[in-house]
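Note that the chains take the letters A, B, C, D, E and F in the order they are written out, and that residue 1 is the start of every chain.
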Amino acid sequence: MSDVLFGILRKVTTATISTMLLKKGIRRCWMNGPKPLSARGEAIVGRAFTLRFVPVREDVATTESWGSAISTRAAIEEMPAGSIAVADAMGVPTAGIFGDILCARMKKRSVAALVTDGAVRDRAGVLMSALPVWCAGVASPASVNGLTFVGWQQPIGCGGCAIFPGDVIVADDDGAVVIPQASVEFVAKEGAEHELYESWVFSEVENGVKLPGLYPPNEDARARYEIWRKSRP
Amino acid sequence: MSDVLFGILRKVTTATISTMLLKKGIRRCWMNGPKPLSARGEAIVGRAFTLRFVPVREDVATTESWGSAISTRAAIEEMPAGSIAVADAMGVPTAGIFGDILCARMKKRSVAALVTDGAVRDRAGVLMSALPVWCAGVASPASVNGLTFVGWQQPIGCGGCAIFPGDVIVADDDGAVVIPQASVEFVAKEGAEHELYESWVFSEVENGVKLPGLYPPNEDARARYEIWRKSRP
Amino acid sequence: MSDVLFGILRKVTTATISTMLLKKGIRRCWMNGPKPLSARGEAIVGRAFTLRFVPVREDVATTESWGSAISTRAAIEEMPAGSIAVADAMGVPTAGIFGDILCARMKKRSVAALVTDGAVRDRAGVLMSALPVWCAGVASPASVNGLTFVGWQQPIGCGGCAIFPGDVIVADDDGAVVIPQASVEFVAKEGAEHELYESWVFSEVENGVKLPGLYPPNEDARARYEIWRKSRP
Amino acid sequence: MSDVLFGILRKVTTATISTMLLKKGIRRCWMNGPKPLSARGEAIVGRAFTLRFVPVREDVATTESWGSAISTRAAIEEMPAGSIAVADAMGVPTAGIFGDILCARMKKRSVAALVTDGAVRDRAGVLMSALPVWCAGVASPASVNGLTFVGWQQPIGCGGCAIFPGDVIVADDDGAVVIPQASVEFVAKEGAEHELYESWVFSEVENGVKLPGLYPPNEDARARYEIWRKSRP
Amino acid sequence: MSDVLFGILRKVTTATISTMLLKKGIRRCWMNGPKPLSARGEAIVGRAFTLRFVPVREDVATTESWGSAISTRAAIEEMPAGSIAVADAMGVPTAGIFGDILCARMKKRSVAALVTDGAVRDRAGVLMSALPVWCAGVASPASVNGLTFVGWQQPIGCGGCAIFPGDVIVADDDGAVVIPQASVEFVAKEGAEHELYESWVFSEVENGVKLPGLYPPNEDARARYEIWRKSRP
Amino acid sequence: MSDVLFGILRKVTTATISTMLLKKGIRRCWMNGPKPLSARGEAIVGRAFTLRFVPVREDVATTESWGSAISTRAAIEEMPAGSIAVADAMGVPTAGIFGDILCARMKKRSVAALVTDGAVRDRAGVLMSALPVWCAGVASPASVNGLTFVGWQQPIGCGGCAIFPGDVIVADDDGAVVIPQASVEFVAKEGAEHELYESWVFSEVENGVKLPGLYPPNEDARARYEIWRKSRP
């Protein structure tokens, strides 16, 4: 079932998804911060695997901590194939939470993408790893320079949104949105319908029709749309 | 008359315009926020058609409000050809005030450009609409997610600048500046002269002349410039 | 000596440099703000020549001040070939501290790069000057619009870092770091060694080895690395 | 009618009002910025009379503008007795929008209070005027130093909230909230009931009852509350 | 043992504690945000009991959630007597995480204090509860307006510091600091010694001695201090 | 001469001073940040003695640096009696640049006041030292925790204003303003006149006169003011 819904969601823009969630009363779904490290032209869909950082404290955030049992390295080994790693870096712009090597390992494990409100490091290497990344910037220092990693698969905040493990994440060139698990089916179905409607509106605009009465539609526009809709092959 | 001045202004960089306005005592003319959504290499000039948003309130900022008499859709139908829509989005980064459909309609109506201190949504569609856009970012959610539209052609703030309807806007790859109506002629004429002078300075620098005494010019440099200026075809 | 170290540093990423400095207890070395105006793919290394601005005051920051003895023009003439100009613009985003003409003069004087936590102006002209620039943005207004230039070769703050004249600056696509003079040799040597180790780790990851135990290495990994290291031509 | 509701609202804390509005789906009602200039211990209730500023532009925001037809002085003469002036100062902390003289005139005209997300000036004089003030700070410079006054009784933003002329404002030591006109009756009646319930909870807590099951109440607690409620004189 | 150390720490200012931690290489110990809601003139010492919030999402942060098993109410019942509740409210200024009733219950349970980088609500009621509170402000809306409570006794960030359950917190009129458990004894003993030394320096300054050579002491000053120290009763 | 002008300035509010400077075209004179640590009800006037900090770097900002030749301790010994120390702390809120001992020494040396856009530490001790302080907050950690002291009597930025050594500073309960040396006489004389006029306006407002036509005055009001002015004893 999920596979079908995920397939539909891949064709729905994050812009449309956020409008569908607004109909459910949810305004906090788009993460303010994560931007595509390189434009892709297509969307990624997956379940959130969460990572959590707190601020640095010099006695615990050290290069030695990279070998600890609670480390980003260990977390990566727990990520299911197809999941999207969502990292709460508290919006810290001065530490790159992942670099080329960790991204390469995630790619190797078939992780679908990395989304964070923090920075990554070693831009060239991360791009080379081919892991799709949405982040708020690039910084040379490692995470231990400004952050302390404390665990995974807990509820987190990312870019002003609450993210629970298993929530569905969709990311495209406008950024990344979170869909609560209970709303996935609604968003996918209504969203696909909305995309169809917008494509008709766009063609009407190209024909010179003005927007008031068209978008949102008055009765006449709705009727014309229904005719067009039925006439599609 | 305007046409001639607008033609001149198109050849004057926003950098030079801001220096000319400083001579008039105006330091607040460059909007902090709007950046070209895609670099263009050439300037756009037009009169400001202002749009105004206030913060969201859940009882008034709804998808239903899109059909109201005071809506961005209605405002677009009032924009004169050649005008530049300047939208006060209060610098809110989490709501895209316009998407592909509204931009396409603006383009159809020969609006010259959109300038905002907020975000647009559906980056790919907006680029496809071919409307030149200066904005502070991209966000998936619609304006009703974070903003309430309240009217047009009122004085606004945009990126730290006061904009009055009819002010002249010039936008290039450095951003967008506002020229008060009373200063347009001064800025165009002095600006064009300044550009000529800077082109001579640039060639002098290429020849290895050092800047002190050249820029700003001492008497000797001024004399050499006058000779060069007169010798131009 | 410096030449040899600088040659080594050119091959060490700023990511690695910041990790080496962390081993010395220095967490504040990456400037938060300066980003490459255009990606270069290679690093620049040089000694810092510092420039200092304070906020604007309308009686002193005027276009007339461009001709004063304490001006950016005069400072440029003092910059040694190969130095990197680091300008403390207090993170002000609304004034471009340098434009095409000043950048062209710096290039002519063989200045290696410009790094600032502020903005530059006339983006097109600055790119044309071919001077490598790391800045926090682009703005049309000149520095006198928002800043007052007060001197050079003093200690400054830039992007949250203390920079002393003569400190070594390395800038690449991740941004710019400062290396205190006393740590240059350590960073160059340890950094080069670290890069070698990371290149081996990267190949291991490509072969499917998981990170825990590999990075940082356990005894087995260390042994395998030593064998690989010795087997290199 | 309003008088009765306003009398009830005076006894309901802004904390309770914001909880009642949340039940209506309205989360944006508390203005982030306005704080009491001096603690009062009691609430002020009144209808919003809105004032609007945009950023300063040096050609229009001058001391001369104080005499213009569109000035804060003129606006004050339009304020009805009992109204609360709500000023959108765009959160600018560096200009005091009103000083002792304007506050004294407002007090003379029986304006109930001033609420702003900006600053006031001449703290000692404003306190002496006895006008209740909620502001975000104090600053010496006048409004023309950083702001341009553009009109009154328009929709505004203040502290992240949309305020429409005629909305009801309640301000106490926690700050100021806006109640949309359609929700005033609901908020007053439900709010008064909620205050009564909380006063009973408080006494229960004093008696050592733990909160889970009490607040919010389970069936047993609800029953005990009903008994207490009926037994009140 | 702890009791003795806590008794010593009560006499050491947070200013001195932060200096002692700097000697251990720890610069991140003072929380930026929490300020005393009312000045007390004396310090509170206790072990951290942590609380964690993530951003609001409208489907989970509702008034109904107050009755859930994971609620602030339930957390309060787990707090040991003498502990200091430290709440990570992500610095959100627009939601009061606790009001009069919850503070009264904490006081009843002998919780020593509440420290948060967020706001509290119902200022008058919180003061009346007599629970010592360090917070970043006051706001009318409840936590569910802007935050989602997700758990307790996990590592958190608060005001830029990492706080682990059981860390020692000291709060006075300068704010609140965290002492890692491994450093408590060092800080208490060295801190007490430092306070003694500063009291002598203060008396020297009163006698007109200048600071260079006195603070930090040169050999002569150190000798004079030792004599004074030994002569104390 | 200065003594006479300083005596006049002590009776002119910082609000009036900023309006007088606006007449000279100077909008940047009020420092955004410094607030009175305790309200005083009277103004302090003195010449600026500047202090400068840059960001911390762990190798130079240490407790050992307190004994260096370039230290705040050494700077204090250079401050003339009656001067006002103005410290550029870059607005850093997490380090207290001065505590009780340094403030006590400044008081002993008859320094008139301390003004900074940063924090002080040991609030209780600083208040006890009786040195008048305008600061942006209080923080436990010492300056070396977040800042590096680099010198004195250089041009600085403080709270968004440029301050040159010898500029005149006036501080009252609204904050602190800087008067460029060339404008001191104008500000004192015009300011005193303005205060007189405002006192008359205030009495008119008390008598029920409305503001338009009064402030600024029309011809009639000006005539009445002149009569009042001449009739003063």
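By our rule, a contact is a pair of C-beta atoms (placed from the backbone, for glycine too) under 8 Å apart; a residue touches a chain by one contact, two chains touch by 3 or more.
This one's a predicted model, so the numbers in the text were calculated from it and none came from an experiment.
The fewest steps needed to get from subunit A to subunit E, moving only between touching chains, is 1.
At the interface between subunit D and subunit F, under half of the residue numbers appear on both sides, which makes the contact a different-residue one.
When the CA atoms of subunit D are superposed on subunit E, the rotation angle comes to 120 degrees, reported as a multiple of 5.
Looking for a copy of the C-F interface in D-F, D-E or A-E, one arrives at A-E, which has over half of the same contact pairs by residue number.
Work out the mean CA point of subunit A and of subunit B, and you get 32 Å between them. Between the CA-based centres of subunit B and subunit D the separation comes to 37 Å, rounded to the whole angstrom. Here the CA centre of subunit C is 49 Å from the CA centre of subunit D.
Among all residues of subunit A, those that touch two or more other chains are 25, 27, 29, 56, 58, 160. Because contacts link the chains in a way that matches no line, ring, star or complete pattern, their graph is best described as other. Inter-chain contacts occur between A-B, A-C, A-E, B-C, B-D, C-F, D-E, D-F, E-F.
Residues 56, 58, 62-64, 66-67, 71, 73-74, 76-77, 93-94, 96, 99-102, 104-105, 108, 121-125, 138-142, 144-146 of subunit F are the ones touching subunit E in the complex. Considering their complex, residues 13-15, 17-19, 22-23, 27, 29-30, 32, 35, 41, 160, 173-175, 177, 198, 201-202, 205-206, 208, 210-212, 215-216 of subunit C touch subunit A. The touching residues of subunit E, counted against subunit A in their complex, run 24-29, 54-61, 90, 148, 150-151, 154-157, 160-163, 180, 182-183.
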